[in-house]
Structures are given as structure tokens and as C-alpha cells.
Amino acid sequence: MRALYIGRFQPYHLGHHSVIEEIALEADEIIICIGSAQRSHELENPFTAGERYLMISKSLRDKGIANFYIVPILDVNWNAVWVSHVESLIPPVDVAYTNNPLIERLFEERGYDVRVPLMFNRKEYSGSEIRRRMLNGESWEGLVPKAVAEVINEIAGLRRMKALSMSDL
Amino acid sequence: MRALYIGRFQPYHLGHHSVIEEIALEADEIIICIGSAQRSHELENPFTAGERYLMISKSLRDKGIANFYIVPILDVNWNAVWVSHVESLIPPVDVAYTNNPLIERLFEERGYDVRVPLMFNRKEYSGSEIRRRMLNGESWEGLVPKAVAEVINEIAGLRRMKALSMSDL
Amino acid sequence: MRALYIGRFQPYHLGHHSVIEEIALEADEIIICIGSAQRSHELENPFTAGERYLMISKSLRDKGIANFYIVPILDVNWNAVWVSHVESLIPPVDVAYTNNPLIERLFEERGYDVRVPLMFNRKEYSGSEIRRRMLNGESWEGLVPKAVAEVINEIAGLRRMKALSMSDL
Amino acid sequence: MRALYIGRFQPYHLGHHSVIEEIALEADEIIICIGSAQRSHELENPFTAGERYLMISKSLRDKGIANFYIVPILDVNWNAVWVSHVESLIPPVDVAYTNNPLIERLFEERGYDVRVPLMFNRKEYSGSEIRRRMLNGESWEGLVPKAVAEVINEIAGLRRMKALSMSDL
Amino acid sequence: MRALYIGRFQPYHLGHHSVIEEIALEADEIIICIGSAQRSHELENPFTAGERYLMISKSLRDKGIANFYIVPILDVNWNAVWVSHVESLIPPVDVAYTNNPLIERLFEERGYDVRVPLMFNRKEYSGSEIRRRMLNGESWEGLVPKAVAEVINEIAGLRRMKALSMSDL
Amino acid sequence: MRALYIGRFQPYHLGHHSVIEEIALEADEIIICIGSAQRSHELENPFTAGERYLMISKSLRDKGIANFYIVPILDVNWNAVWVSHVESLIPPVDVAYTNNPLIERLFEERGYDVRVPLMFNRKEYSGSEIRRRMLNGESWEGLVPKAVAEVINEIAGLRRMKALSMSDL
């Protein structure tokens, strides 16, 4: 059984991580799609697809998980065509996992078996909460896999986010 | 005389319908352009261009109107080029009708005869009011032609809109 | 039953015309897609989508055929996504007609009932043969519906083609 | 030494003008990039790239400044690729000037020497303040070079902005 | 050490396979980029990116190779921006391998260490030779990894290619 | 009087140069559009828009010509929209000069006064002839302004062209 999991991963955090760990137990292979791959250097989307790729692959290797593939997916801004766009870039899948209601709906209308993974503690394990903490100088490292904190340090991610947040006055 | 009428038709409602009926009396042919054709599956733009096409064509056929053409127009996100983009896809027209001030301006700057049709009861005969009612479970069928309500039922339009409105918590 | 017929129509000729007449007898509605809609002013693609729209609609009205819709389709240069792109712009269809082997294959892989219409006298009723005659000053008007010859005259189509064919020496 | 200065110039005002005058003294050549070149006819972006081109070139010629080049730059909506996009369209530069923190960051990450010019009186010499005054019928001509006011008059810029601001009720 | 290997893989064959095996011995990780990812259903590019993904991943897993990542790369048709486009989608690499002289040049101009892998028996281990044999009904299975032949059979690849090659007479 | 001159300038040569010198005498200002601005690193289009910008501006400055502007123009692959695209990026012009029959036709259909400059000795003063000589190691420097030969040397243009011409065997 081949499973699909789609997210933006800005950044990849322990909420995503535990979902993927669970899917990895059931599925023979997981295709992890990095959505909005062309977005970066924005307060809502600070990291490039390449940086997110590294966060995910390192974190999963650290856990000994190897049955995964990562595929960056560019926005097409054309919802009715989007599933077809994803299908052309990945091997066929048996089930799609997502927490995004739009993606859920789009795959359902194409006849897919879509499942919404349970994410525990969504207030903390949330991209926007982690980005908020990064900007405010609060502690955030505990909410992401160790490898993610390392990647963000290496690329000076906090400096980038602070630069982006500065008004030009 | 060939007339152009441009709208987004999310969904096509009785306000649009009565305007087109009136233009159809004066003009030999009406070109109806479906704007933002690539947008769908959003709360503001729930329906695909194909679904909107069906709403318009069925409603007009029901009224016995036959002197119309429907042309889906993709956004180009380049206002200064937009009129030229429309011109390349449709037969030449003598007059352009629109209720959108930007479109009005763009056609005027290109030297067109632009007319703003009078729309009665715009509080109710309005796409956003109809979408609001759909989401809140209020009655909306009376604001659209019968064929439109049928199309929306066939494609399970309300279910789609409710799915899109759900937060992912 | 709703049928789809796809072509480039550079220009619309009697071969297309007789196929559509036949489909119009069987089908309740025909959706005629103008492919490569953004191409024009090239030797292989001299006419804009708007000009082709006019050729088709006038020719069919002249025959008393009214159960058709015309939809311009831009190239996406992404074959695996193309059918989905068409689907998002048109009402659902029961059968697809085409003489283009690539389009035939793409619709078949999506599970469509695809039919290849018999075109008689393809040596003469062929876009490239008609364009060749236009450029060489040979007689071509007999190969297209009367309305098409009129449209090409109105837009000074022959002058355009000759201009395009001139080398810049 | 060749310098780069990037802005949107909606419209070009005395704040920009005094910065460029200063750079023109130090640099052998200034490349002035007009950002978001494809945007126009919006309340935040009323003027086309061509109109902005004219504002800048006339104002600088009036001051006797001649060592400048103007390059319109389209948005690519892909921040990680944007600097490379600019680089492909302009001659190589030694230093980049900008007041936009995102652009500052993107050029810094590519290893550029980036400088943030001091802009005096930013409350008044500001695109949004000037656009606000235009819409409200307040005096704005004193905040832009004389040539800019002339260009805006010639193209009936105020009429355009008022048209865009009208609600369609 | 992280290595990059770029190809179109239409289809993935034993020439590619032996090169990757060799790189896999030296490098800690290989990023395999599938170029022209949006092309498929053409005689020169019969397979989708998803199908090519499957060919590569299965063949490498069969060999026990696991230290690889596969990234589909869309054409941007803008050579001067292409390396930047690739960089935004992949983790940073130390060395780039390619047999395409254009790609070699583009990476070299960006300062990369580029290596041209030795490919033995290029007359037979060549995408165009394999596609030629497929179309002519000659034997080709010996030129690709076993998994590739299986994928092509599953998706009825030969039938697709023959359909594409048929003239529409 | 403001004049427009459009070319690809691969590379800028003495044929272009003498035409522009002549236009510069008659016109108050010349807008020089660099067509196919996004193309580079191809045998037919070896140089980036930025490199071509430098060739033109240096050559004209060397001649003491200052009343010119250079605007890079990306291909839109949509002929019917192309003039409108150019118009949005440049100040209004009174006359358009071009040696390309397609561009001539497109501007004429929009109502422009188009003139075809006489180019003397077109066999030698021709982009394709100069590129042919570069590849074959023949003498070409005499066919371009001195500044152009300098730019091509600085960017190692010959090395780039030879790399592009190498087959990958």
C-alpha cells in the first residue's frame, strides 16, 4: 500500500513527524508532498522547498524510517487541475492523508480514499505557533525534531525571519 | 450589434439573468465572458468554469434565448494586457457591459463604449449574499434561475462549500 | 447525450463542418473546443481564437445548427494535466471526438469513450492544404464554408499570411 | 562602480528622487529596476511600467542626470529565484540599494553588498501617502518631481484612480 | 558529500543505472533530478514524471541502494534562471553530475564542481535508441533494469508510444 | 518624436548600430526593446538580456549617443497579446522600426506607423553569420562595435558557445 501525505511544512514539526511515523508503520511507502514549494522568504512561508526537504529527510533518517519519498509541488493556482498536477509527478497512491480541508475535498472529488490524521496538541504543534515563537524570541526547539532545529540554525533561519518582519521605517 | 457581458458568476443569479435578457433584446449576439475561469473550490469562488457554463447556458435556453456565446477567460494578473487577452479570444464587439469598475476602466482606456447595466435589488441578487446563505443553511434558491439550483444540487455544491469552510481543527 | 469535438481549426473547413453536422444529429449538445487558442499570426496558425470562433459560429448558424457551444482552450504544454484542464472549463461530456492521436490517447487514459470521426477527402479538406493554397494564390474558397471565406476576407487574412511568409531579406 | 536601485515607484516621488541623485554622484552608472512591472490599474499600483518609466526618465533628465538605466522587472512570485531573474536582465552591479526588507534579505543571501538609503520625511514622501492624497482630492503635487505631475495629468491618472476606488453599488 | 545527478530518464536505462551505482559508492547522498518533469505523451518524452520516479526508485531499491532522493524539475525555459530554480528545490550539493552540455555549462557558470560521468556503450544505452526499438517492435528490455520493463508493461507504455506515432490518416 | 526599435541582438552588430545611429538623428528618443529577453545559453541565443543590455549601452555611449532607453521584453508566446504587452512596459511611441516581418505585421494590425530600416550588407551584418563565425573560429570582431567584442571577451562568450555546441558523445 502506497500512501500520500501533503503539507506545507513551514517548518516540519513534531505533529507532522508523529503522523508520518504512524503512516510509515501501515504503508509500504509514503510519498510526502511539500506544497507551495516555490514560496519562501515570507513570514508565513520562511523556508525554501530545498530547506524543507532537508528538514524532513534528516528527521526521518534519524528515526530509522526509510520507506519515504519527498516531492516538491509548485502551486498552480487552479484548484480544479491541482490533483491532476500532483498525479503527474508522483507514483500512483492508494490513500491520501491531509489536514487541509481544500486538499481533502479536491482528492475526494477525484474519487480518492482520503484520511484526516489525528494531530494531538495542535495548539503547540502548529507551524504558525512555531513561527510566532521564533519571531518573539520564545522557545520553539522543543516543538520540532532535533534535525529541524539544526537545519534552521545552519541556514540562519531566525535572522531571515527577523529581517522579513522589520518594517522599513 | 454584438455585445459583451463580463462577470464571475459565482453563482449565476437572477440579477445577471435579467440584465442578459434585456441585452438579448437589443443586441444581435451577446458574448458572455466567465471571468476568473481558473478559480474554483474557494469560498469566494466555489464553482468551476465548466459548472458556471452549464448554469448560464441552461438558464438562457430555458428562457428561449439562443443568441449568446459563452467564453471562459483565465486571469492574467496583468491589467494593462487584459483587454487585449479578451479580444484575442472573442469575436469583435460593439459595446461592453460590466458592473466591475476595474473592467469598466480598462475597456474605456482602450476606447470601448462601456455601459453599466442597472441591477435591481443588489442586496439580495448578489453572489456574496447567495454564498453566505448557502453556507448558513438559509434559503437561496429563490435568488437564482431554476436551472442554477439544479446544477448546484447535481454537483453537490453545498457539500463542497461546507467542506471548504471547515477549519482544520 | 453531450459530445466533445476538439480541433485547431486553422481554418475551419468543410471536413470539420460535415463531421460536426453529423455529430449534431446524434448528440443533444456539442462542445467544440478550439485548441491552441493563444496561437495566431504564425504560418501554421494564422488566425486568432476569436476569428476561429466567428468562423465556426457563423458556419453552423448558416446551417441552422444551434445545439453547440464553443470553448477556446489555451495550450498548457503539460500533456498529463491537459484533460483535467479541459474538464475544468466545459460541462461534463459523454463522448469525445477527435482526429488527433495525442488527444485521443490522453482522453482514453482518463477513461473516456473516444471516437475518431471519418473524414472524407482528407487531402483537400485539410488545414495545411488550405493554408498552402492561400499562400500560393491558388483557389481555396471551395474547401471552406461560405462564412469562413467571408471572415477571412474581412480580417484581410491573406494579406496577413503573405506578410508572415516574407523572409526579412 | 555600477549601482542597482529597486522600487515600485507608484508613483516616483521626491524621496526616490533625492536618493537617486545621491547615488548618481557616487556611482558611474545606476540601474533603476521598476518592480512589479506587470501591475497597474489597482489602488495600490495605479500606474503601468511604461508610465513609471516616463516619470523616472523625465525627472532625471530634468535634473541633468544621464548615467542611469531603467529596467522593468515582472514579479515571479518565487522569492528564491528572484535575484537570479533580476541578474539575467541587467548588467552586473557592485552594490544594491533598496528600502524593501525582503529585497534586502534576498540580495544579502546571494552575497551582495546591500545598502539601505536614508529617506528623509518618509511620512510624506511615501507612495501610499501620495496615493491617499490623490484619492481624497488633497494636494500631492509638491511631493513629486514636476515631470511626474505632468505625466499623471497627461494620462488622466486621477480619473483612473477615482474610477478604481468606486464601489460597484 | 552530497551529489546531484540530472537527466530526463525517458526511460531510465542501464547507462544511468551504472553511473548512479558508482556515484552512490562515493557520495553520502545522491539527489536525482528528473528534468522536463511536465513532459509526457510525446514520442521523445513518452513517460510522466511519476512513471519515471517509479522506474528509478524501484531499480535502485532492487540494487539495495537507499541513499538517494528523487526530485522532479519542471522546465522554466529561462536558462539563466534554471540553476537557481533547481537550487530552491533541493538540499545544497557539493558536486553536480550530468551528460548534458547545456546543464554542465549552466552549473559551471554558477561556480559548481561539475563532472561528466563516463557512460559506456552509449549507442545502445541511450534513451533515443531504446524508444526507437520500442516503436519498431525490436528487443529493448535488456537495456533497462528489470523494474523499468515492469513499470512500462504495467502502464501499457508500448501501446501509448504506438498510439502517439500513428499519423492521423 | 519617440521611436521604437525591436531586435533580439544575438549579438548586437554594426548593422543594428548604423540603423540606430540614423534613427537617433531623427527621433527625440529611441526605445530599444531586447526581444526574447529570457533566452540565453542556446546556440541561436547565446547571450542573456543583461549581457545584450551592456553591449548596446556601451556601444551607443562610445558613439556619444545618449537619447536612448533599453527595455528587455520577455516572450509571451501569444502573438495577439504581444503588442499590448510591449505597450504596458514602455512610454508611448510615434513610430516602430523592425526588420522582423511578424513584429511588423503585429504593430500594423494595431494601427502603428511601422518602418522597415534598410540594412546594408545583410549577409555579413547578421546575427546568425556572426554566431557561425564564432563557432568556427573565423574572424567576427570586425562585424560588431568594439564594445561588443569586449563584453563577449569578458564573459568568455566563445567558451560558452563552444560548450553549447558540443555533442554529449
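Per-chain numbering from 1; labels A, B, C, D, E and F assigned in written order.
Everything below uses one rule, namely that contacts are C-beta pairs under 8 Å (C-beta built on N, C-alpha and C of every residue); 3 or more make two chains touch, one makes a residue touch a chain.
Quantities reported herein were computed from a predicted structural model and do not represent experimental measurements.
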Checklist entry - When chain E meets its copy chain F, do both sides use mostly the same residue numbers (more than half shared) or mostly different ones? => result different
Checklist entry - How far is the middle of chain A from the middle of chain D, if each middle is the mean of its Cα atoms, in Å? => result 36
Checklist entry - In whole angstrom, what separates the CA-based centres of chain B and chain C? => result 26
Item to check | Centre-to-centre distance between chain C and chain A (centres being mean Cα positions), rounded to whole Å | outcome: 44
Checklist entry - On chain E, where are the residues touching two or more other chains? => result 38, 40, 48, 78, 80-81, 87-88
Item to check | Set of all touching chain pairs, with the criterion as stated earlier | outcome: A-B, A-C, A-D, A-E, B-C, B-D, B-F, C-E, C-F, D-E, D-F, E-F
Checklist outcome for this item: Touching chain C in the complex, chain F uses residues 77-81, 99-102, 104-106, 108-109, 122
Checklist outcome for this item: The chain C residues in contact with chain B across the complex are 37-38, 40, 48-51, 53-54, 57, 66, 69-72, 74, 87-92
Checklist outcome for this item: In their shared complex, chain F is touched by residues of chain B numbered 78, 80-81, 83-85, 87-88
Next on the checklist: So in the complex, the part of chain F that touches chain E is made up of which residues?
Outcome noted: 38-42, 48, 160, 163-164, 166-169
